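The chains carry the letters A, B, C and D, assigned in the order they are written, with residues numbered from 1 in each.
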Amino acid sequence: MSRTACTDEPCPSALEALLCRYRAVRGQSERLCQPLAVEDYGVQSMPDVSPPKWHLAHVSWFFEAFLLRPFLPGYRPLDERYDHLFNSYYQTHGTPFPRAQRGLLSRPTVAEVYRYRAHVDEAMAALLERPPGERVAELARRVELGLQHEQQHQELLLMDIKHLLAQSPMLPAYRSDLRRSRAKPATPLRWQGYPGGLGQIGHGDADFAFDCERPRHRVFVEAYQLASRPVSNAEYAAFIADGGYRRSDWWLADGWTLIQQAGWQAPLYWREEDGGWTELTLGGLRELDPDAPVCHLSYYEAEAFAAWSGARLPSEAEWELAAQGTPLSGNFVEQDHLQPMAAADSGSGPAQLFGDVWEWTGSAYRPYPGFRALEGSLGEYNGKFMCGQMVLRGGCCATPQDHLRASYRNFFYPAMRWQFSGLRLAREA
Amino acid sequence: MSRTACTDEPCPSALEALLCRYRAVRGQSERLCQPLAVEDYGVQSMPDVSPPKWHLAHVSWFFEAFLLRPFLPGYRPLDERYDHLFNSYYQTHGTPFPRAQRGLLSRPTVAEVYRYRAHVDEAMAALLERPPGERVAELARRVELGLQHEQQHQELLLMDIKHLLAQSPMLPAYRSDLRRSRAKPATPLRWQGYPGGLGQIGHGDADFAFDCERPRHRVFVEAYQLASRPVSNAEYAAFIADGGYRRSDWWLADGWTLIQQAGWQAPLYWREEDGGWTELTLGGLRELDPDAPVCHLSYYEAEAFAAWSGARLPSEAEWELAAQGTPLSGNFVEQDHLQPMAAADSGSGPAQLFGDVWEWTGSAYRPYPGFRALEGSLGEYNGKFMCGQMVLRGGCCATPQDHLRASYRNFFYPAMRWQFSGLRLAREA
Amino acid sequence: MSRTACTDEPCPSALEALLCRYRAVRGQSERLCQPLAVEDYGVQSMPDVSPPKWHLAHVSWFFEAFLLRPFLPGYRPLDERYDHLFNSYYQTHGTPFPRAQRGLLSRPTVAEVYRYRAHVDEAMAALLERPPGERVAELARRVELGLQHEQQHQELLLMDIKHLLAQSPMLPAYRSDLRRSRAKPATPLRWQGYPGGLGQIGHGDADFAFDCERPRHRVFVEAYQLASRPVSNAEYAAFIADGGYRRSDWWLADGWTLIQQAGWQAPLYWREEDGGWTELTLGGLRELDPDAPVCHLSYYEAEAFAAWSGARLPSEAEWELAAQGTPLSGNFVEQDHLQPMAAADSGSGPAQLFGDVWEWTGSAYRPYPGFRALEGSLGEYNGKFMCGQMVLRGGCCATPQDHLRASYRNFFYPAMRWQFSGLRLAREA
Amino acid sequence: MSRTACTDEPCPSALEALLCRYRAVRGQSERLCQPLAVEDYGVQSMPDVSPPKWHLAHVSWFFEAFLLRPFLPGYRPLDERYDHLFNSYYQTHGTPFPRAQRGLLSRPTVAEVYRYRAHVDEAMAALLERPPGERVAELARRVELGLQHEQQHQELLLMDIKHLLAQSPMLPAYRSDLRRSRAKPATPLRWQGYPGGLGQIGHGDADFAFDCERPRHRVFVEAYQLASRPVSNAEYAAFIADGGYRRSDWWLADGWTLIQQAGWQAPLYWREEDGGWTELTLGGLRELDPDAPVCHLSYYEAEAFAAWSGARLPSEAEWELAAQGTPLSGNFVEQDHLQPMAAADSGSGPAQLFGDVWEWTGSAYRPYPGFRALEGSLGEYNGKFMCGQMVLRGGCCATPQDHLRASYRNFFYPAMRWQFSGLRLAREA
């Protein structure tokens, strides 16, 4: 739904605005891929990663499957086989091509994928310029969903590009022209108090939000405290130096087993060289900035650090209640750092709640009370993943700022850490 | 802490009572093993299962490691190697013998394990009859923990015996003399309403409870409804007949992947024969009782069934709030059915909240607000498992009744189903 | 066929002699199991190993499947399910129970397996005492095959018992009363020359031999030399000390990969303690005897040692041609060492060709020219394994002496080493 | 060694001829890649396959590692990291980049790999135009080895391209302009007799041959017969129709296990459509030519077919003795079919011994008597693979004709079938 729509049926100018936004979002996906070599587009560096080419095609498939096929009379797909190839996980919409084999597909080529995008864009323009007489509100809602979906994949693109480039001993940089701030001393960590009581979290009916953010509902929390900023690299390095990865005391059992088997001894992308730490970034190999938020932690590492600190992770309710009064700004993809940065002291409020790093919460990703999935195949978008994963909040340096909300729920399995994930400490008041 | 203690330091008679209870609980573990052949004691039918012999030794090790070694001056272990062999998962207490290899140990023999039990029992009697002058309260608390721990393993023994006997095409029965009730028609399912509001769950300070049940704390729930009884075998069979295992619509993504890979088409222990269902029980192969609660479901199956029903699983708060006013009785191990049974209509209240089958809740097993693990190695008892698992409530036909509480939190990974697990439906009011 | 038969139809006294031999062989299997605890009978310590109980039952099944069912009118099996449970790998005789799950079967119990043996023995006695009027020669041939089969499993029993007892940190000995020789200095290694030319290997038509040993056929070899005795523990320890397991130079590619992944640094059962080597034997943990033949090597280790020595393994033709003139005696199971022993100098001929350790040859286990497998399901006995395995020759300290022949071909995959396997060096003349 | 050299030190014109040949072989590798899209160059469709880009770089690394570094004074590598990245398996020459991860390397790009080739070519020209004063014979031998090595990779390139293109449901053709013969009726299969006796196989000292083909040595064979041509697609289809993949009778045990687990029901690249067979070729999807030799069989399938036919596979000695008198011509890569073809009747001799399909022999790939590996790291070229693999003979439609010899030994693991492999039947005379 158009973000400014106030009636159920969007007026023509709302659809025009939507088309405008469609073009902007679609263009951004392609801009993100400009620095890539053709060779980079096809690599799947682990099953969780998708080749950039696949992302570009899949987000187009989404518009094709859920808008062009059902809404545009006479729509002719560019290639019928793409409906199978670029279906991610919609079991009720045919049989998806096996996820772990996405990196084996040299064809369609990159050029063919861009042709597919152009084909879909042309048809989408036709649809939005001459919309059908009925179900226009549903159409607008789905376009908005498709755009939000594409924005999610823009962040995935950056995560996946970072991961795939890290496979080569050549250590190629994605871009050498990223903006870099002068590292600031991290502000001293302060504890910020929040009152307990009955509050409300989740997204209301107006405006776009994913189904998993709804309904808005009441929650009770006891009084609590949040750290004034995320945990820094220097603080995490102290945990390592104190035997963080060698003593089981602070670890969840599954986490301990994992780090033994995988041989983890530091966050993903950290490298020890001559006694100091470097970090692989989208801008290439850099010295670790001690004041920047620590990033690329699994849930297990985040919780172990919190235990070592004598603190804990916040619940998602605690996080969201604190965030409700905080302006939504920070180090997002628009800042063009593509790397978490040390921030200036925020004064009274919590710093860096938004942007920089996704913050692991201690909450499992489960449906809110009264949760209703979307109708039809779109119901597979979120609901079926609500088991075994943990919620992260706040967006990161690879997230589009206008994609984020205080109610936004991101989620990953506790072992995953190729996303830009860090943590903020919490404790009882 | 002894259940009858009223001061912090238990009086001698309290320790006498504790020793009496010690003997009862320890004797019960051995009674449960009486029907076994020597050969049954050693089998580990999957990594999650432990050989009965191992259970008998490990619960003794618990007393040795946490009571005899620290509290009994001059205690001489029977065999120092047992401290390694029968340590389950206490990483801060040496290196546990690898879990998946427990079934490879023909030695120590069954007789030697019983000797180990007798050795520990003798020392425990000495300890409780002539307790040290100080730290007696802590001693009593640990004895009670050791007994509750052994009771947990009594249920595990029955689960594991059932699983290991099921491996043989001989289909041996654990016991042929189990009490069997005449199958009753399952009572019609009614919806029972519960008001929303701020309530309290978790266990208070008095009496024994596991650390994970504490602290008692406030929770807010919206008004909700619970089904008057667990889902029955007949209802679950209808789900299967309606394509429950063949259509992805109702399944969590991980669940759908699992049932494809594992080829699951029914609950564990069900077998289709000549178009009808039979069920492997501790009493041997039986025709499926359509009115009894369905059992041996994974979380995935429970949630898929709920989705198919247009309902959901209750949260653990909803469950506990409903249970707080319900008398703690039901089909427990003492009834000697060792199998869930159809129950008579309970009249106004919910039936079978306690006993018969553990009921999967929709809540992830996470620490309560303000959770504090036990001190030292005993802190590994519960806390380190609080990730990736789901809470089950209410006990089952293999649980000792005096081991259960309304606040009792059981937990398993969502793919597991060799425990006696079923479900009760819930919905919004 | 009875070993003394001179006509195609064995006379009654030949069948009597066969029954006598039947009883002796069958009794020996049970004698080998006498030192076991009931618990030992059920353990499968790796998929290649079978529980002793299973061996005892399977060799009985062999007589049941190939003699009692086809030859004894009115034979009633003790339990029809055993035909599935104890079928090892005869795909054309029903569906074998999955090999890797043999250790999960607590039932039938040990006592029931002995009852099964008695049931089969009784029926076999009836069959041999009142043989059918026709096909008696075939019957006698099959009895002999069944006995040779059981002798093979007697050696497997000892291998498997050694392996399963080694799983427990208790390090139980199979027997504490084994005969032990005084360790002799190993004789200095001499090279023994053999002429080249056209020779014959393989077993002729007379007497029993497995199908894989036939037909006797011509082979050409160039002149060659064999070491006068097997490689000793001291020599192998020198290889280790020289970086044998740390440098890739001497290793087959698959072997190098294996030892990296498995972390092998010495033969199976060797343990480094305080800078010296001990060895787990069927008689318990012992100091390594430097003069005894090295044992429990994989093919990869044998070939790496040979490469390090500047020598090679003999081909099976070279080995057999050398063995044809050598008396068949040595350290077999009858000597009751159950461990390879240092031998006195043999004077002119090669020492220890027979007994002590199976000697890896450089020959792949393939059919001889003109090979014909047995008819029917018995054709699965050997032929279907003739790929991917290497030939070993000469028998070992766990082999019954009257089971061995100069033409005997044993075979294992190159990664296996729980058999009593060592090596003898060869080189060009 | 240069093929025309007649003294140990090649004269300048011999080096000129070698440089000329160098340029021809190197050019051919690049010509083979011309039809590829950039995207095709990077895909590794299974661990056995390498990305085309990797092949192009690795064969250049071979010249760099074994010629330019040791022989060209002042040689400057283009990038030192390539010495690690493009080392295939030479453990004694640094640590090879992990084989299974070759497909994860988007960098270096295809253009960079071609630059690497040009860099090496320039230096090789300098080396051959101004050779060092000494060790010129060794230099010439290594150049020839490098060229033969590159020719092996030319065939691998075609195998791997075929495999990787087959991953995409788009079914892209490598080339649409391949030469296609009119399918001829396969000639009737005749049996050709060969006498037994003492013969010689293996390659003599003159001319180039791989170390594994040497030394020439005496072998004894009994009289035997070979089929006049390879097994045809129609004959193999009859095996399938007769239950070839459903009955265990004809299969090696490991083969039967494999086809159960992998679900094989036909040769690789066959597809059943509407009751008929099609075949994926380098020219795209085609109807199966019933008269062409069957191709892309594993050893297990070849031996199962032979068993079903009542015949067997020839030994490599039988094959080579028959081939010694046969002119080396056939359907090689130069014919530009890139697919086995039905052949005209060959009259008296055996048809298609060379070219079309590699013929599985029944011989394990083992060292010949007196085998000596090359010196230094080049000794890893062949010798360390001489275990677990089977020999194939005769070359195929993807082999350069001047790369093949009657003594040429190809080898693959018995489960592999992405090479162009078929079979020819043999039997006793």
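In the analysis below, a contact is a pair of C-beta atoms (placed from the backbone, for glycine too) under 8 Å apart; a residue touches a chain by one contact, two chains touch by 3 or more.
In this text, all values refer to a predicted model and were calculated from it rather than measured experimentally.
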Centre-to-centre on C-alpha atoms, which chain is most distant from subunit B? D
Would you kindly tell me how far, in whole Å, the mean C-alpha position of subunit C lies from that of subunit A? 60
Quick one: report the Å distance separating subunit A from subunit D, using the average Cα coordinate of each chain. 47
Approximate Å spacing (C-alpha centroids) for the pair subunit C, subunit D: 38
Quick check: what residues of subunit D touch more than one other chain, meaning two or more? none
Thinking of each chain as a vertex joined to the chains it touches, would you call that graph a line, ring, star, complete, or other? ring
Touching pairs of chains, which are they? A-B, A-D, B-C, C-D
Across the complex, what residues on subunit D touch subunit A? 37-43, 45, 53, 81, 84-85, 97, 101, 103-110, 164-165, 167-170, 172
Within their complex, state which residues of subunit A touch subunit B. 89, 91-92, 198, 217-222, 248-249, 251-256, 299-300, 303, 312, 315, 362-364, 366-367, 369-370, 380, 384-388, 390, 414, 428
